[in-house]
Amino acid sequence: MAIIEQPLAIETSEAQLAERPLGSLTRPQGGNGWRDWLSSVDHKRIGIMYGVAAMFFFLVGGAEALLIRTQLAFPEQGFLSAQIYNEIYTMHGLTMVFLFVMPLAAAFANYLIPLQIGARDVAFPRLNALSFWVWLSGAVFINSSWLLGGGGADCGWFCYSPNSGVTFSPTHGVDFYAVGLLIIGTASIVSSLNLIVTVLNMRAPGMSLFRMPVLTWMLLVTQFLLAFALPVIVVALFLLLFDRVFDSQFFDPDAGADPLLWQHLFWIFGHPEVYIIILPSFGIISEIIPTFSRKPIFGYSFMVFSGIAIGFMGWGVWAHHMFVSGIGPISVAAFSLSTMFIAVPTGVKILNWLATMWGGKIKFTTAMLFSVGTVAMFTIGGLSGVTHALAPADTQQTDTYYIVAHFHYVIFGGGVLGLMGGAYFWWPKIFGHMLNERRGKIHFWLMIIGMNLTFGPMHVLGLQGMSRRIDTYSAGFGFDLWNLVATIGAYTIGLGVCYFLYNAWVSKREAKHLPAPGPDPWDARSLEWMVPSPTPEHNFDVIPTVESQDEWWYRKYGYDDNHKVVRIATVEEAAQKGDADDVHLPSPSFWPLVIAVGMPLIGYGVIFNLWLCVIGGILVAGSIYAWVLEPVDDPDAGHGHDDHHDDDGGDDPAMVGAGATDEGEGS
Amino acid sequence: MTPTRRRAWPGLLILLSLLLAGCASDAELDTLQPRGESARDIDDLLDFVMIVAGVVLVLVVGVILWMGWRNRVSDYDDDDFPAQTHGNNALEILWTVVPAAIMAAVAVLTVIAHIALNETEANAIEVEVDGSATSWEPKVVVVGQQWWWEYRYYFDDDVTPEMLGDPKNLPPADIVTSGQMAIPAGQEIELLVTSRDVIHSYWIPALNGKRDARPGFFSPWKLAADEPGVFFGQCTEFCGVSHSRMRMQVVAMTDDDFQEWIDTQMTPAATPTDEAAVRGMEAFVANCASCHLIDGVNDDTYTGATTQSGSAPDLTHFASRTTFAGGILNTYNEDGSLNRDDLAAWIRDPAAVKDNVADGLGDGVAPRGMPNLGLSERTISDLISYLETLGPKPSAEIIAATEVE
Amino acid sequence: MSDTIAETGSETEDDHHPSDLQYVKIALVLGVITSVEVFTYFESVLDWGDALIPSLLVMMVVKFWLVARMFMHLKQDKPILSGLFATGLGMAIAVYIVALLAFQFWA
Amino acid sequence: MTTTSTVAVDTHHDAHQTNTGISNNKLAMWLFLGTECLLFGGLISTYLLYKTRGNGDVLPTDIFDIPFTSVSSFVLLMSSLTMVLALSALNRGEVERSRAWLLTTAMLGGVFVGGQVYEFTTFVREGMGFTTNPASSAFYTLTGFHGVHVSLGILMLMSLVVASVQGKLKAENAETVEIIGLYWHFVDIVWIFIFTVIYLIPAE
Amino acid sequence: MFTPGFKFFFGLAMGLVTAAVVYGYSTGGDHVGPLVWGWKGGIGDHVGYVTLMGLGVVAGLIAIALVMYRDADPAAQAHYAGVDSIAPTTPAAASHWPVVAAFGAATMAVGLVVHSAVFVVGLVLCAIAAIEWTIDAWADRATGDPVANKALRDRVMAPIEIPAAGAIAAGVMVLASSRILLNASANGAVIFAGLLAVVILGIGTLYAAKPKLSKNLIAGLMLVAGVAVIAGGIVAAVDGEREFERHEVHEDGAADDTHADE
């Protein structure tokens, strides 16, 4: 595969190995084989692995979506049984949110943050690997419920109690849901701390916070949201798990418990979560639109502050998911109002993108098409969101397909399209060759037509009264036509997705006959474009000193006396060569992977047999200590030691602290 | 050019589809055709917001299209740059303030509608209960359970959550029915919505928005129908395997019809005379009485159903209802005859008609839904004959209007 | 948050951590407050009336603040650390108070 | 320019040239503590919401043993003192003294957890189990999570003691001790909160 | 090809898996359950089966890892180093684990007669000795270089030994003190807990204040205190807990579990 053939800077010599006759316990060294991906701590490789895994789960979640749509194509179909349908849509929601969009955003965050801020790696490279592997083990875990748990979770992605209790959901599906999300949540918390520290601490000289690219800013806000929102669902999941496994009484109404507790905890997490989904995409298109409008982003600081404002306001609106739950009219009114005003900072962003394009020279590359599509589609979704924000109106809309339409427009139209645009944009940087543009545009049109065909009619269905989460519907409610259209649309998206994969495959083959794209194929603006494509393992030969926002652009262009833009350097002159060979890099490690194997063992243990927990626990605890005892920088790695900024915190038992605590929560 | 023109049509599609939705006539759950005060308030609010949203959408998409047309270039050349504007504070403040102002206006209307939706009026009406005139403030206790709705009418008491106590063990009511709620038209009906197991949601789109039925709690809600008629509904909170088949209806009647309905419902079940029906009653006592109640048959021994929710539909006036099994099946055929086929299918194997979790359960696990009792065809036929005697057959119009597919 | 953190921070930087004796004194203060807290439990000693809950909360906050400021060195450390922690703490307090309000916890 | 300016005035090793002047580890720990606030906040709110939901059975507030819990609270408070003394000793390079304080801190933590085991056992014996009612479930979950945090803290402290005995804990490593200390103090302030809000403020 | 490490762990894995299967069938496993991890059929006694099987799988995985990485294979090392062979080494020092194992066995025997807890302690001791001993033995012969062998041993064992030692120390403290507290009266518990804390604080302060003070004195004090606590704990555990009064059901009855949400 394309990814695995990445050239690497470090080569191991046999003589070095012989100096340390420690057999398998030898610290892994960098290399090119598949095994080196397992132990890699390179943020770029980890980013790529996140991306590949996310795309895989996109296919899984998409296949589930197609099953849903096939079942709903016609009234009264028995293609899927009601029980299977419930499991499928639940797993569809979970897969898409936790196993596709979030990791895909994490892929961009991992790959791009260090490059955009001019760093060699993230603050804690091994912890970064840990996040990925633990996330992956959680992802596999939650899906293993199809085989081991007697079916997937069947309670909907927000899994309201008491329907999620053992009485009403007796298979292990919900246990897998709880444990799986705990594992994934732990991984995401760790990764968010890592990335926050990276942005705060590892910026290149001169890269002040307000010179950072908007993408880095949005990713930073996203990481803060993750760091603060995930602990809340961690609490909720523990309560659920304790109820199911240890018979506690948190959600049993007969014992006097209140089912609303779950709803509050879930949505306190859940609403920030939707901004976690959208903000990376906002950041991505904030890089693409200026590049292909040949203008700087309009109102940089407004963009940044509105992102921060969204981040904060996102914490005060959660109960808009509970307008009909019976939280009382005063709460409803308060949350209804707070929700409406979140349209304001979001609107600022939309309008600033338009202003960026205004008067620009717009080149419709695939990436640009996706970005503009994102703006338009997100606006549709955002506006239907505003109609939900009116609590009285929402009493008609909630739990209907109108909601389904809203969130697919914002998630798919806003989030996924933006991420796709990002893929086209950074593909050459990551893989060293372009994705074919002509096919890319076909891909775009398939996606945008498909999504409007799929989700557009859902507005109508919802307003006509079609409930969501129903495995089938009767003829005669006026649902037939639009459901069929939606199904056709879904298959159109499916075609688009396949076409994208085809494009990726063929573009890779074609690339051999095409000239290399060079460091800066798009005439772009931020620091990652000053290093060769694909990015060398050490990122920067010399850490650049930053003097302005859009630093890379200003290294290429300046103004003449008439304030007209003139080129002052060619890309070749300004870019780095990527040939430094004395850069010190953090050493690979296997322990993250081992910990990631231990986590699901603990999980299975909680569900099936506590003794498995003991084994998993020993594995995890042992690996944490082994990790701590292993020096950050392998003394045997034999490389020049220069301006080393990276510190893994590895030899600090403090990090055991962080790790061990999460671990404690996970067991 | 082509791409830009095509980009127009997503927006158009939505507008167009909204129009179409408004015209759809067979959409019984349509939220855009309000038939009651609350639903109309909501609809008015939505209309206004839809216009605002439409304008914003047209503006945003319009600007995108315009720029795609005006500013498009096919390639860049080294010294051809547009003016490098970095921002414009006045403009940006403007488009912070204007949306905020629009939202503030929307907020005012929202709050007004919200208050209207949560107010109840005092509207006692005169009904005759057991031969004595009673002033009744129309109020119905709505109880959800997997996967059907029960309605309880208390005519004498002041119905409050305190008086009702535990939803799993409600005080005896004057009328207990299921699937179809009868109400007097033109009156505001207060509801107390609750559940005996998981969360459900009560929703009659033509009359009002929805309200969750939360186990252990009574949520106040209301609805009103302008005219007599039948209004369909669907449980909208996911509640397990047959969530999609948990439906309901509201039948709004003239005052006279409503009084007549009360009278029927207050009469205990007649003892059958027909031979098959007598056998059916015996079969009922033998097989069904552990869950179902028929007033005059097993009300002295009945202490609740052996189901997870502790309840099963009250069958005392079964034949007076035109739908059964959570509002998915018709009790009567179009020609007015008893729908023996569906009834037989139901009693033969309920799970085959409507998924449930009632068969093959381990010890001590209570069923959710009605189990397959393994009855012989003959017993089934007898039972149906008996069920037919339970209450008067509704009028042909009602049968036609309430028909489900 | 700005990139001047390093510079501005450095001004508060150079004052030294408290001495051991100061730590012991702080611990004594903490201990005394705790004793007062505990004594509220024995109502016979002193009837606090309506002031009970407010005073308990105030004492709690003082203890919390003392430990965070002095033992955890927020006082000497860069303000960004206080900022980060306060964000989490403030967010938690705000969000959960609102949630409890929605439950009519104080009604 | 940020990296070139002031760095490591008080940090004890100068390896880190970070934008904030704070080492990655310390920054990460503080952030982590920030997120922990939301975790404990959730558990505390759950308990507050449920503290009267006894379903007719014993409530935690019925059987609290305030005198005993007061002693526990003192113990934890004093362990914060010994923790900070350990750090301050190590900062001065007094390895032995610092080890003594670390061990003392760990042992005081042990007494606290022992006290918690005792408390839980008495409560169970008195008829309030984990599954008795929502209030008891919430109580054990909250204090249990805190107890697990303390226990992990003890484990970290013991690891430091081992490192110290092996001669690996020197003044250069003071920041490690500081960071673990931060965690320890945080666990202490969570208890300060719990002690007042859960134990001392009477139920209704 | 197959290194000593691989052979050792692979053998161990086979033994454990076989043991698990045998154990599973002998404790009520049916059909192919014990062979297929309970996929079809029962596995018998869960605890034993899962423990044995789990350890077996872990050993198997280690074995695979070892062979994959050409672990500690003197021939491989020699190949890398470019020499013909590496001189075999003999263990540096005699092992003290047999003594521990013997002690553990004796404790088990005593435990059989006295109390099951004692038996468990013995069992744990034996297990520890067995593991440590095997690893030592393995590491001693792993490569041709005693320093490397030591490093090897430490890489395997230190990550387990350090947390285990810490956990045991803390665990003993927690267990012993809580037993004593449970044995005391309610007021006694308060006093004891306070006293214990004061003693710890006192010794700590003493040690910290006068690090130069005779090491023996401090060590002695600590030993005395430690032994006192452990002994107290054992005595208290044997003596049992004090009498507890089961609480009556809360009179004001069910918490308001029904109310409107107004």
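In order of appearance the chains are A, B, C, D and E, and numbering begins at 1 in each one.
As a convention for this text, a contact is a pair of C-beta atoms (placed from the backbone, for glycine too) under 8 Å apart; a residue touches a chain by one contact, two chains touch by 3 or more.
All of these numbers come straight from a predicted model, not from anything done at the bench.
Shared contact partners of chain A and chain D comprise C, E. The busiest chain interface, judged by C-beta pairs in contact, is A-B.
Chain centres here are C-alpha means, and the one lying farthest from chain B is E. Averaged C-alpha coordinates give centres for chain A and chain C that are 36 Å from one another. For the pair chain B and chain D, the distance between C-alpha centroids works out to 51 Å.
If you average the CA atoms of chain B and of chain E, the two centres end up 59 Å from each other.
The residues of chain E that reach two or more other chains are 162-163, 254-257, 261-262, listed in rising order. Across the assembly, chain A contributes residues 200, 208, 227-228, 232, 253-258, 260, 326-329, 625 that each touch 2 or more other chains.
Chain C has residues 3, 80, 87-88, 91, 95, 99, 103-104 in contact with two or more other chains.
Those residues of chain E that touch chain A in the complex are listed here as 3, 5, 46-47, 50-51, 54-55, 58, 65-66, 68-73, 77, 80-82, 86, 142-145, 148, 151-152, 155-156, 158-160, 162-163, 254-257, 261-262. Contact residues of chain A toward chain D in the complex are 123-124, 189, 193-194, 196-197, 200-203, 205-206, 208, 227-232, 234-236, 238-239, 242-243, 246-250, 252, 254-258, 261, 265, 625, 645, 647, 649, 652-658, 660-661, 664-665. Of all residues in chain B, those touching chain A in their complex are 3, 6-7, 9-11, 13-14, 17-18, 20-21, 24, 26-32, 39, 41-42, 45-46, 49-50, 53, 56-57, 60-61, 63-64, 67-68, 71-76, 78-89, 91-92, 95-96, 99-100, 103, 106-107, 110-111, 113-118, 146, 168, 193, 197-199, 201, 205, 208-212, 214-217, 219, 234-244, 308, 328, 355, 365, 368, 404-405.
By the touch rule above, chain C contacts chain A in their complex via residues 1-3, 80, 87-88, 91, 94-95, 98-99, 101-104. In the complex of the two chains, the chain A residues touching chain E come out as 14, 17-18, 20-26, 35, 253, 255-256, 326-329, 609, 611-612, 614-615, 618-619, 621-626, 629.
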